[in-house]
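Both complexes below contain subunit A, partnered by subunit B and then by subunit C.
This part shows the complex of A and B:
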């Protein structure tokens, strides 16, 4: 799995961080998403897919 | 037989009003009409109180498509914006970025997003717990009496938390709480509410002026030093931020607290389970948000182009009202949607906080407030029960935000 972000669209509501805190974080200055791990291990994959599905601004792209 | 040529053409039937009444005897369920609309007319026309019409969207997929598409505008001054029947009604008042579109919406929202990001809110959890415990201490002293949980806990928690964040001085809490209380009460006259509104506006102007003279380490102080001083925003913008943050997070969170507490008083099995396994509370809060879907009067948008949604063409200049409770009970997304299941795997897919770029800015905060308050009530008041028969509790089916006007409890 490989993740890319379209961070310009992020509205910083933080749902991805709640779902997969080992993969996503929010940057201190404005809460916009940052990737902690662009190719997370298998035990994270379900949570990453869930975060991508819930993200309100279609920021998270998952390539498998 | 041919119809008599003399008979007048039938007047087009007026579209029905937005459904708001829960089914008889089921105060926790959304209007029954939504289930029929979802299958038969997922985009239908409704009449607003002033006689104009708007589209009503009832399916989850359509609602995500509308709220996720910025061609549907949040700007209430746009032609066709369905203002009639919205709380506050038509007004030229500066209403903050919730009623704006990009790029201005993005610019202003980003000035405060970091204040509500997950780690900042998590850092506030001990403060929220302390405030909740203090209010519960006061309640405990009234054991044996009937206590209105709305007044004693549900309203003060979000009000105290947002005061802390905005930097409202401790001495002003009383006036601040009295004014917001009057604004939200249904037992005051329109004149009283209007005068509370202007008093609050005057109060916020004065508060921002005081902060301009001595900005503190709080949201308003930071907005002033980082944005207003360099000329990015004006004094009036700071007042609009204060008003939006104050109002958007108060009544919403308070009603979720009241409804959640009542739900768990009636569902002993779930309450016992959450008491035994507090790590389930986080998921339970998502399910309670889905189940209650307290936003009953929107969000609303105006189409700025012709856009097809679920096979229906919505034309530029037409208004759209989105039915959050209907999306959150859509069986295409939520299995057995009318059941409250605190372990529902996809509960967080709810749109109780909206969807798209306007999705609730305060959602991380609302979640922590709900987790703390529900956990504390379960722990400290295991025997709490309604002090009146549940069908005598006054529900807010007349309001934009559903909930209980009062919730008398005893333990």
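This part shows the complex of A and C:
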């Protein structure tokens, strides 16, 4: 699995961080998403798919 | 035998989330997505922000790229309106007369903008819900120094007023409530917002709208002013009517099994009838934790509820379809219906300010704001009902910090306990 972001669309909802805190974080100043792990291990994959589906700004692209 | 089919009605945020989740959770049968707009699913929040501002072009609003939609193998019916649903036979009727026999239906038809009867046929008076609406408003704000009157000072009116000011137009924001967004956010946050809009040069007026004045005849009839109750006349080149919305349930009214008072009424599983579920702005469901029916018009809820409705529909079909629906439902472990118990989330952007809220603010019987910096409009507010804290809002606070406040109300907590939590978090 490989993750890419359209970070300029991010509205700082933070939902991705609530779901997969080992993979996503937010910048301190404006809350824009930060990728902690672009190729996360298998035990994270379900959570990453869930985060990509739930993101309200279609920021997270998952390539498998 | 006709193929197994699930139909999702409404091809926007909630409908797309439902369709994706149906595939992800194992539906391999026919998946029909019906939407009356001509566009593939696009995002609405940027309409009153980046698109109106001119920062984004319409193609950036697409929620999925064409190849991502392709992988869903949809029977996609865009520009097609559903006109009726018979819940007893699960038959969906489309505006071209076609009738679709379905095993399951997810209703995700959202809401439509309300307008004023006096606005009918009057040029220059607009609403803002669709891409076309936003492009029309943008076009009218493309000159310089236009006079815009925004009727309605809820979140949509506030955002549009902010962008129009940033584009250099003369903006008057008219509301029946004295303070912007006060019905949702309470008086203290409303005061901060009023100060912010005034500082940016928006004129605030408190009044009901009595009617419009116009020039010209027939199709050329065009607004020239807004008349307020009490006699004030506000000259206007353009009027945006942002007075709320109406759930798109008209097409469901023929079915005796459905309650369509203020949205489609559902149980805690988002089910409105056997095999019929609802999600997004249109759905009024029983939130088990809050113990009442809620209808949430927020972008985040559309996605979460679309996914929940899909999961619960498949769990029901697994029980009720013979032989897993002739193979239309891939086997999956742990498929079960779960009550939908989200912590609602919404945000709004006005000028450089971000407003974020978690939980339930509507219907609060008390609210209390802690203003951290009045000039920077920085504050945190708590909302409650029946002695419980149910919602929290932050304005001008870094989002990462705001997220930390969510836990205080994720399940309603005694008011004093939550207040204490806010004090500690801000200390």
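FYI, the second predicted complex is superposed on the first by the 64 of 64 C-alpha atoms of A that agree within 3 Å, B and C clash if a C-alpha of one lies under 4 Å from a C-alpha of the other, contacts with A are read in each partner's own complex, and residues count from 1 in each chain.
Rule of thumb we're sticking to: contacts are C-beta pairs under 8 Å (C-beta built on N, C-alpha and C of every residue); 3 or more make two chains touch, one makes a residue touch a chain.
Keep in mind it's a predicted model, so treat the numbers as computed, not measured.
By the document's definition of touching, of the two partners only subunit C reaches A:49; subunit B does not. In the superposition on chain A, A:29 makes contact with both subunit B and subunit C.
In the superposition on chain A, A:41 makes contact with neither subunit B nor subunit C. By the touch criterion defined above, A:11 lies against subunit B and subunit C together after alignment on the C-alpha atoms of chain A.
By the touch criterion defined above, A:19 lies against subunit B but remains apart from subunit C after alignment on the C-alpha atoms of chain A. Across the two superposed structures, the residue set of subunit A contacted by subunit B and also by subunit C is 9, 11-15, 17-18, 26, 28-31, 53-54, 56-58.
Listed in rising order, the residues of subunit A touching subunit C in the complex are 9, 11-15, 17-18, 26-31, 49, 53-58. Those residues of subunit C that touch subunit A in the complex are listed here as 13, 17, 20-21, 24, 43, 45, 60, 62-64, 299-300, 302-304, 307, 345, 347, 349, 354, 356, 398-400, 402-403, 406. Residues of subunit A touching subunit B in their complex: 9, 11-15, 17-19, 26, 28-32, 50, 53-54, 56-58. By the touch rule above, subunit B contacts subunit A in their complex via residues 67-68, 109-110, 113-114, 116-119, 348-349, 353-361, 363-364, 367.
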